[in-house]
Every structure is written in C-alpha cells, then in structure tokens.
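Labels for the chains are A, B, C and D, by order of writing; each one numbers its residues from 1.
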C-alpha cells in the first residue's frame, strides 16, 4: 500500500539538502517552468486539458491524499507546457472516511468520461488500484500511482498474472508507478537486519494488510536466504491495541531482531512501546516506510508512540532515493504555496505530474484531438525507452510500468535529534541483494 | 401498504382530511396498482430507468457530472437499494435485527469470485452466477440462522454482528483459499454474447450495468412485494408483533424466521454477485461493519417495512453520500460565509469538510429519526401505527406484563 | 416483555455456587496449563496478560449488563463511552502536564485518584445525558427503536472524537512506573497488579452497592418489574439514570486503565472493545454482574491463548464461535437464569 | 386412565406433570375431553390451570406424562436418542478438538487425519441442512434443544386457542388477523407466492372470503379494515375467537374469555361460545373464573388445586363436592 509515509523523512531530506547542496544549483523545476512560460507564448490556440487526481481526500485518510494532491497542484503551478492549459479534475475515493475500491472504480470511470482528462495521478491504496486498473486499461487512460507498492499490480506475484487486471487489452499498459515495490523494501529490511544489525534470528509480524503482509513475507524469505532464521511469523489484526501477549511470546523466543510489516495506524509503535515496557528495547526493531512517518515530535508518528527510550536500535527504510534533487527548493515552494511542510507523498505526486507534463510536451505539439492526445500520452508513458527528469530523480518505466529507480534509503533512529537518521542508500539495480 | 388483492385500498377508516381526500382521488390508480402489482412494479422501474438518466441532463444535476457519471453512480446505488430491500425483509418485516448483513454480501461476492475468475480457473457466466450467489448466501443464512434464531432479538443482534465480523475475517485470514488481504482480482465481466449488440459489459460503459441492476431490482421487488402480501408475509408481521400468539396461530416461527433470513441473505447474495462483477475484484475490507450499519441506516431512514420507502431511502442516502456531501462542500465554500467565533473555537464553514462528518450526520439522523419520526421518511401504514403510540399502548404493555406473570407458575 | 430476566445482583445460584467456584478454579488451572505449554516458559506472564485484559473487558461488560438488566437495551454506544473515557483521562493527564512515570508514590496516588474520579464522573454524566436524550423518550417504543438510537449515539461519539480531537492514535502518559514486583514465586508488573486489583475492587464495590444499599435494591427491583417497583415508590427515572451513571462510570474507569496500560487511545477503539465486552456480558449471562465479569475473563483468556499459539488473527472468530455455541446450548449464558418458555 | 383410548375423546391427557425448577405446577393430572362437549377447568388462583392449559397448547413441554389428541400421542416428554441431529455435531466437535490438539502437539499427520474425519463427520449434517432445511429444523426440534414448533404443530392438529390477556396482532387489520389464523390451513409456499401461481391466488381469494365469513360470524362485519388495537375491548375478545376459529380447530381452548367484561358482554360471549359448539361442532375447553359462565355452558367441570385434580364431574356434582368447597368455594364463596 504505502510508498513512503515519510513526511518527516522528506523534511529530513530537506534539511540535509539545505546543508550540503548549499543552494548552488537553482531549482531546475522552477527554471524549467520559467523557460516553458517564456517559450510557450507563440503556439497559437491554447488547448485546455486536465490531469485527474484520484486519492483519498476525506476522513482519516485525508493526511494521505491531500499533501499528495498538493504536490500535483504545485507541479502544475511551476511547470507550463506550451500550447496547453492544464487544470485538475479532483476525485476522492474515501467513503465514510475510508478508501473504497468501489468509489475508486467509479472515480476512474468519471475521469475517463471527461474527454479533457489525459492522465491520472493515483490511487493511493493497492486494493483501490486493483479495482481501477481494469477501468483505466479499458479506457486507455494512463494512471501514475505515487504510492502503490504492492508488487502484484504490475508483475506476477503470488501466482497471479497482472494481465488478469487488464482483461480488455492485456498487453496495453495504462498504469505506472513511481514507487519502488515492496519486494525490494522487504529485501532492504532483511539487508539491515542481517548485515547492519548483525542479527541471526528474527521475529516477523505483520498487520494482516496488503502492505504489511507483503513486506513481512519478503523480509522473512530474504532473511532466510541471507542465512538468518525466522523464529516466529505472526499476524496481528490491525484493530488491536493489546500486543502484550505477543510481546511476551517474543520475550520467550528472544530473537536477535524484530521486523514488523505494517503502518503506524495499525499500532506498530505500540508494539515497540510494549516491548520497552517488558524490557525488550534492546532487541533491534525494523519496519518499512510505513513507520517512517516523522520524528518523535510529530503527532501520532511511530517514534512518538513508541516512545524514545532506548530506541537506538530501530530501523526503517524508504523506497526512494535519499538524495532527492532540489529537496529544499521543493520544500520551500511547497511551504510558500500551502503554508505547511510537504507531506509524505508530495514529491511523488509532483513527480507523477512531471511525468505527464513531460510526456505531453513530447507528444502534444500540434495535436488538438483530445482522444488522440490521451492515447498518445498513454503510449508515450508506456514506452520503456522514455525517461523522465523529476523531483524524485531521473528514471523511466520498465515494460511492466514499474519505475527503474530501484533505490532504497536506510534510516536508523537517532537519539540526539529524536528523529530518523539517514544511514545509506542502496541501488538494487546496480547492487542486488542476491 | 395498501391494496391487498382486490380488497381495495385499506384506508383504515381513520384517515381524515387531506390525506383521505387525496387517497379517494387517487383511488382508481391505487386500486389498479393494487390489483396489478407486478405490472405496476415493472412499469415504475421502466419509468425510473428512463427518467433518472434524463433528469441528470438538466441543472442542477448536470453541473455535478456527465450523464455517464451519473448512470454509473446509479448502478452503484442500485447495489445498496438491493441490499436495503433485502435487509428490509429481515428487519422491517420479520422484526429480526441483523447487524451482520454485509456478511451475506461478502459471501455473494466471493461466490462470484470463485465461479468466474482466473483464481479458480472456472468461468461460469454472470447470469448463471446470479442465482448461484443468491442460493449460496441463502444457504449460509440458514446455517447461521438455524441455531441462533431461537435466541431473543437482542442476542440475535449480537450473534449476527459477530457473524458479520467473522466472515470478512475468514476471507482475510484463510489466505490460501481466498488470496487473503489482496483479494481475488480479474473477475469475469458480465456478457450478453452480442445480444442487443452488447458483448462483454466492459469497464467503460455504465449503461449495461445500469440496465442490469434495474432489472435485478425490479425482479426482486416483484418477488418480495408478492411475498409481503402472502401467507408468508403475514406470518412475518405476526411474528414481529407477538411471537407466542403467532406460534399459537399455527405459524412455525423458526421456519418462518429462517425463511426471512434466507431471503434477506439471498438478496444480499445477488447484490454481492453484481457488485463483484462490476468491480472485478473482491477483497475482505470491502465488507466491514460499516456496510452493515450503512444499510441498516438506509432501511431505518427510508421507513422500515415499506419496500418502496426503503428503496428510496437507500437511494437517497447513497446519492447524498457519494454526491451530496461533496457538493455541500463546494456549495458552502462558494457562499463565502465569514468565519465566526463559537466560544473558544473559530468556525469557518468554508473550510469544513462535510465528508468528515458523515458518521456524525448518520448518527444524528438515526437518533432524531427515532425520536421524531420513528417510522422513517416513507413509512408503511402498519409501522406508523406501531411506532406512534396511542395512550392505550402503555396499558397494553401492562397487560402483557401481567400475562407474563400469569404464565409463570 | 420477558417474564424472568435474571435480575441484577449476585447470581442466584444457591446450589451451584460451589460448582461455580470449583469450575472457575478448574478452568483457570486448565488455562494456565494450556498457556504454559504454548508460551515456552512465559506461561505466568501470559496468564497475567490474560487476567489484565480480561479485567478491562469485565469493567466494560458490567456497564452493558447493568443497562441490559434494567431496561433490556443493548447499549451499543457503551463501547464508545469507554473510548471517550480514555480520551477524557488522556486530556486530564496531558493538561495537568504529566508525560512520564511518577515516582513519588503519594503524588501518584493522588493523581490516580483524581484521574479515576474525574473520568468516571465525567463519563457517568455523559452516560446519563445519553440516557436522558436518546433512550428515555423511547422507553415504551418497540425494542428496535432505542437499539437504533444507540447505534446513532455510537456514531456521534466516534465522529466527535475523530474530528474534534484526533483522527489517529494519540499517546497517553503512562504515569505508573514500569517496575516489576516479585511476590513469592509470582513476578508481576506494577501496572498489571494495579489493574487487576482495581477491577476486583470496583466489582466488589458494585456488588455491595447493588446488594446492600437502598439504591441498589431499587435497581434490582426495577430490573425485575419496573411497574411494581414504581408502585412501591421507586423513582424509575432516577434509578435508570443511576444505572447509566454507574455503568458509564465503570467504562470511564476502563478508559483510564486503557490509557495507563497500553499508553495509547484512538477513536475507533470503542467498536471492537464494545463488541468483545458485550460478547463477554452475553457469554456470562446478560443481566448478571458476576457473569459479565466471568465472561470478560473468558474472552481475555481466549484472546491470549490464541495469540500464544500463533492464531491471533483467529481470536475474533473463536470468540464469536464460542458465543454462538454457548447461546445454543445455554440460551441465557453461562450464569444466566433459565428464562421462561417464551422470550 | 391408561390403556386404549375410549372412543369419543378428543383429548386425553395422562399423568401430566409440569415442574419449574423445584416447583411442581401441575402434578400427575389425568384429564379427558369428550368430543363435542364444553369442558371447564376451574380452580383458585395459582392452581396451575394456565400452566396445564399451556401444556395442552404446546407452549410448555410436560415434565412427565403424555397427551393424546384424537387417539394419537402428540405431546410427551422428549427423549433423546443417538440418532438425533444434535449428536451429529457432537462427534465432529470432539474430532475437531482432538485434531486441533494433535496439531498443536505437533503430531501433524494425526491432526490432519482427524481434521479430515471432522469434515467427513459433518458432511451428512450439512447436506441435510442444505437440502432439506425444513426437515433439518424439525429434526433439531425433536432433539429438544430447539423446541419452538410445538404450539404451531398443535394448531395444525386442530387445537385453536385464545389468550387470557388478549394477544392480537395490534397493528394488523381485523381481516389480516383472521387470515393469520388460517395460516396452517393454507398451503401456498414460497414459490407459489413469489411466482403468484394460480393456486396461490385462488387460495388467497378463498382466504379473504372465509375470513370475512368468520368476522361476520362473531358479529364484527364492517370492521375488516380496522386496526386490531383500535377495537373496543369486547370486540378484541371476539376477534381472538374469530382468529382461532379460522384455523378450523376441532378443539378450542378459551382462556378466561369473559375476563374484564360487563354482564351484557359476558352474556353475549357465553352465547357465542354455545353457538360455536352447536353450529360448528367444535369441542371447547374453558378456563373461567366467572362461575355463572362455567355453570351455564359446561357439560363437565374439572377442578385443580395446587396442581392436582381434586374433582371432576357435571357442574352440579362439582358444586356439591366437599373438597371443592373447601379448596375453592369455601374461600371464594362470593363468586359461587
């Protein structure tokens, strides 16, 4: 499900970037925008087109959707494509405050019915994506998810061929994502556990959700491949607040590492807290980007809930490059426009919008028929030979629609700043785990 | 409901004034619809099927989306209409509180997923799966009901609530059989095999779905309203009113309640099959207790016991939820109201996201409805009688008490 | 109307009391053995875990069972009253300004006392307000009506907390120091001991109140026959309001315990807690306070045993299956009285 | 009173005992109702009349004894046998527990085999439950755990009843109330009703006709569409009788049909009762406090006291019986 619950990670990125890049290069995005605006004057009639946004925008999931949508809006503000006036068609897939596949499918249908919509940013949740991909595929409308990480959406996973998600045109890609899939993040987790924390045994738990379970499964497999032993594999329903009995079980097993796949809202911070209560804070603890959601000062973040006593052994990963280009400029521009710090997925939303705008720039000149244009954009983005220079760095999409950027950043808890500290990043394309 | 089989509209002799005059003026029509109920149902749905897509072409509706959007939305609303009229059988007619209704919805959906998906490799046509889904859901309704329908109403409520939690939990955790939290994807699309020029329904054209759900609802309506005015329907109401008296009139209360349960479940099964086919995925978190409670709210708000009222209630609540609240946000934002102080809190209506208050609005609606208009927006005649108590009702309560004592040795 | 709902108060089990005691002891021993087999040396700790969460469920279940006993209403909002209670104690402790453990025993005692009295009082009043506006007007209406308002109230409480306070997990200060006490062979964390003792004390106080006081008698008589009680001069409205006050107050206490023990609370907490607690009340025999406590512990043990054996995700299924089985074979719950033939 | 049933008896209760916990409400009562008669059951308050009545009506199961209706045993103390469905579930449950235990103990193979056996053992029950739900429920009903179908079975056999305190379906119309009474005489099933087959339509039309006939018979013509709860008290009593008549009973159980009535209403009711017997040939069992009514219409009177039968005979014999006087009339002389 999650790509990077990393509002703070981004903030951290921003700080680091400010410190070391010393603002020598001006914001390339801003300059691109300026040049585009300058050169776009003489193109004749301006075509009005839209970018669709399909994210959960209300209820408890608003913190996921809103900053991401803001990222898209920021991109449209800063970057202009000559000859086009790009506006937003905003949809919300939350019903009663909870993301809903039914609503997602309906939204993508609505977007497809709007002939001016050429591209969609979203969705946020994997099971919403599962409902939307068939619709987008049938409509030939390209979608770019900033946050989906469930591998099965694009590649064969668990025996399921992603072509079943594309019954109308099985060979036509209409869904790409800028997030690296969970299989790499799980592998990175195993890498940390075995090679950094030097653990030989691990207790692995998940929160029964798509994201958490996928992550934990990959971790368990890869940790065993590296030579470690998984002493117990647990699933804990996300609705629980009582982890005491699991922690007591953990105590009797005394593993060298604890890996918990899931998100903070499922109570993982609480698990760590109850570990500390039972005197187990010395056992290293790791999770995915679902727990990289801010410093101990961030409200309701993993670190805040877990409490900070003795958490120097806590690790997390983020499925993105740490060295985001121009992070500070981005953070500043975002802050200027929305008067808050960028959210977890703002940059990803921005990057998705950039993919669209660059594709539009490439195929759009002179084309005024919106239907042709929509298909051209789709075909351009689906073509693995094109690459994009974005807020997340330079990448292209492979034949499945996955990003070629296979970089995972490793973080560890820093007791002095009470925040995540960047440890290293690993490019799994250049340096695979096995 | 008026008009049972040629006996003419039962005005009850107590409807004076405008209502009486109105019903007299309409009586030929009412009498006709009383005699030809099913024909009326079909005609009504045909009219609805024509009017709804047309009306959205005009303002203010046309401002909220294209015709296709609206029709797609209506197709989704149809799922809830179907669920609501099914739950109405259980709650409104038989008086059994079922708080786990989504379980049968889930069972219908997963039945379709097993019958028509690459997951099992079986590809049974949608049309054949409709009755299968209904049957499987009904079978589970009986299996759940058989041991538990003996329980008193409140116990039944908690057992059904538990069942509503168990079923998604099983679909979630029995991951080898159900693909767990990822759900089953790539379900087959309905197809008419080139009949009327429609092959596979596909994902982009909402019209075949709209027509299909309309037809399913019309059939369900026809069958259910026939049941309401039959021996079985009377037995349900009798059980709801007084179970011992009903049993003493020769009604097998367990079988009758089981039938209500099974019929309600089968309607949910139909909705499940349709919804799974339309969405083309099933996953466990589509069926949590919110669905059960939402459908219950629809039934209560629409008017328990009145199948037309319940359907209207479901439709209204769904459209409010999927369109109304969003539009309310835009509308209030566009008014440019100034913010004001309410004690220590600054209230700025323009920044309030009404979508966040859906539960609050539901809750308030449920409470107020029960306090002020317990029979719902479109009550059935019988429910109105029941819920607006006359003074002698309290007396009746006393009488029942002493009867109960008398039964005790 | 039911002819014979088990009245509030002590289980009327003159002959069965010894059976009950022996059965409980046997069940506890069995549970301990099962846990010890699966827990790999941590059987004792798991046993204490089970007792602790059982105590929390029991406290919530008491509210359900009291309200049901007196007006035969499943107060669906009760779980959310518990949730709001946890937020009240969170608000109080953060407002006073505590963020960690208090080591001074006197100060700790005072703060705990203030916290419990405050939360219980506030929630008691909230319970009375709910009763006054959502249930009392419907007292003579068909039974479905108050049940539906209860669901409505539950929605309202959840949404108010979600929108007004936090839509995510909030952390509660854990003011009880994390020390482990060794009492003979038993090693138990202070907080667990505190919760178990507190629950037992509150339950005992409740039993005494119901059994020995005039108001308790009024409650019992109202539960048995409202009209007769009224004729005997019992003020029905006051008595029912009092029942709500006590029941909601106990839920408030459970809310404080939730914060102290788990260190967090969240607006969705009420649904599952309420579901399990109500199941506990029904398991034990609704309307029977001893039964509710028993049911709470049974569910606590089921959950912990399931977790110990790695079937944590199935604990919900097991709990409800147990509920169905108990109801099928003993329609009035474990300690419930046999009802008359018709219900 | 054992042995073959004598001809001419509608109801023959033998040694009926009903205990509630430690309390014996009815003790070894033998009781017969000759065909076509009006029999009264009297006794002081708390004598067990209503309990006995409810045993006959199928509401309570007797703790002992049996009741023959038209020479056939219809109610007896349920006995459990190993063939009953409830035991189909006991074996799988035990197997399942063993299977789980074996799996937990790490004996995988045995666990899986036991689990397989569980499935095998539960399949017959499931098949029956799915294919023959009615039969399944009836069988479960016989097991004694889910007894609920008793009163309605008595109606099907031909016993109709009224209640001491009126239990009409208050929000249904008078016509509907009577039509509910016909439930067991009607046969339309789910499919007939849903598909509205001709059989169903004809049956419904006939039912409406019959219901109007019964309403007229008890003198309530014109009230067909009135809600039952809005009727005057006396009419509610009559409607109960019409509703019971609609089930075409052979034996009608009337529980204090004149309770709370004024003398005029009482006289009309007494006449109605007599008329029902005369016109329709229906046997009547009456519980009554009003001795005028009892002595006026009854062929035979049975007296219960403290759950035991203390006298039986013609009204005059009973009136003269010293035990009755002592137990009943002695204390309630005013009503004699």
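To be clear about the criterion, a residue touches a chain if its C-beta (ideal position, glycine included) is under 8 Å from a C-beta of that chain, and two chains touch if they have at least 3 such contacts.
None of the values given here were measured: they were computed from a predicted structure.
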Chain nearest the global centroid, as defined over all protein CA atoms shown:
B
Using each chain's Cα centroid, which is most distant from the centroid of subunit A?
D
Just curious, how far off is subunit B from subunit A if you go by their C-alpha centres, in Å?
38
Taking each chain's centre as the mean of its CA atoms, subunit A sits from subunit C at a distance in Å of 41
Distance in whole angstrom between the CA centres of subunit A and subunit D is 68
Residue ranges of subunit A touching at least 2 other chains are 59, 62, 97, 208, 235, 237
Identify all positions of subunit B at which a residue touches two or more other chains, and write them in rising order.
147, 150, 169, 172-173, 244, 356, 358-359, 386, 393, 400, 407-408
Pull out every residue in subunit C that's touching 2 or more other chains.
162, 313, 316, 328, 341-342
Of all residues in subunit A, those that touch subunit B in their complex:
57-59, 62, 92, 94-98, 100-103, 105-106, 109-110, 112-114, 126-127, 130-131, 134-135, 137-139, 150, 152, 158, 160-161, 164-165, 167-168, 208-210, 213, 235, 237
Residues of subunit C touching subunit A in the complex:
39-42, 45-46, 49-50, 52-53, 162, 166-171, 178, 189, 258, 262-266, 268-269, 272, 303-304, 307-308, 310, 312-313, 315-316
Complex contacts: residues of subunit B adjacent to subunit C:
91, 95, 97, 147-148, 150-155, 157-159, 161-163, 165-166, 169-170, 172-173, 243-244, 289, 293, 296-297, 300, 304, 356-360, 362-367, 370-371, 374, 386-387, 389, 393-394, 397-398, 400-401, 404-405, 407-408
Quick check on the complex: what are the subunit D residues that touch subunit B?
18, 20, 23, 25, 46, 48, 50-51, 54, 57, 59, 126, 129-130, 133-134, 136-137, 140-141, 146, 148-153, 155-156, 161, 163-173, 175-176, 179-181, 183-186, 188, 190, 192-196, 200-201, 204-205, 207-208, 224-227, 229-230, 243-244, 247
Would you mind writing out the residues of subunit B in touch with subunit A in their complex?
65-66, 68-69, 72-73, 76, 117-119, 169, 172-173, 179-183, 185-186, 188-189, 202-204, 206, 275, 278-281, 283, 285-286, 290, 294, 321-322, 326, 353, 355-356, 358-359
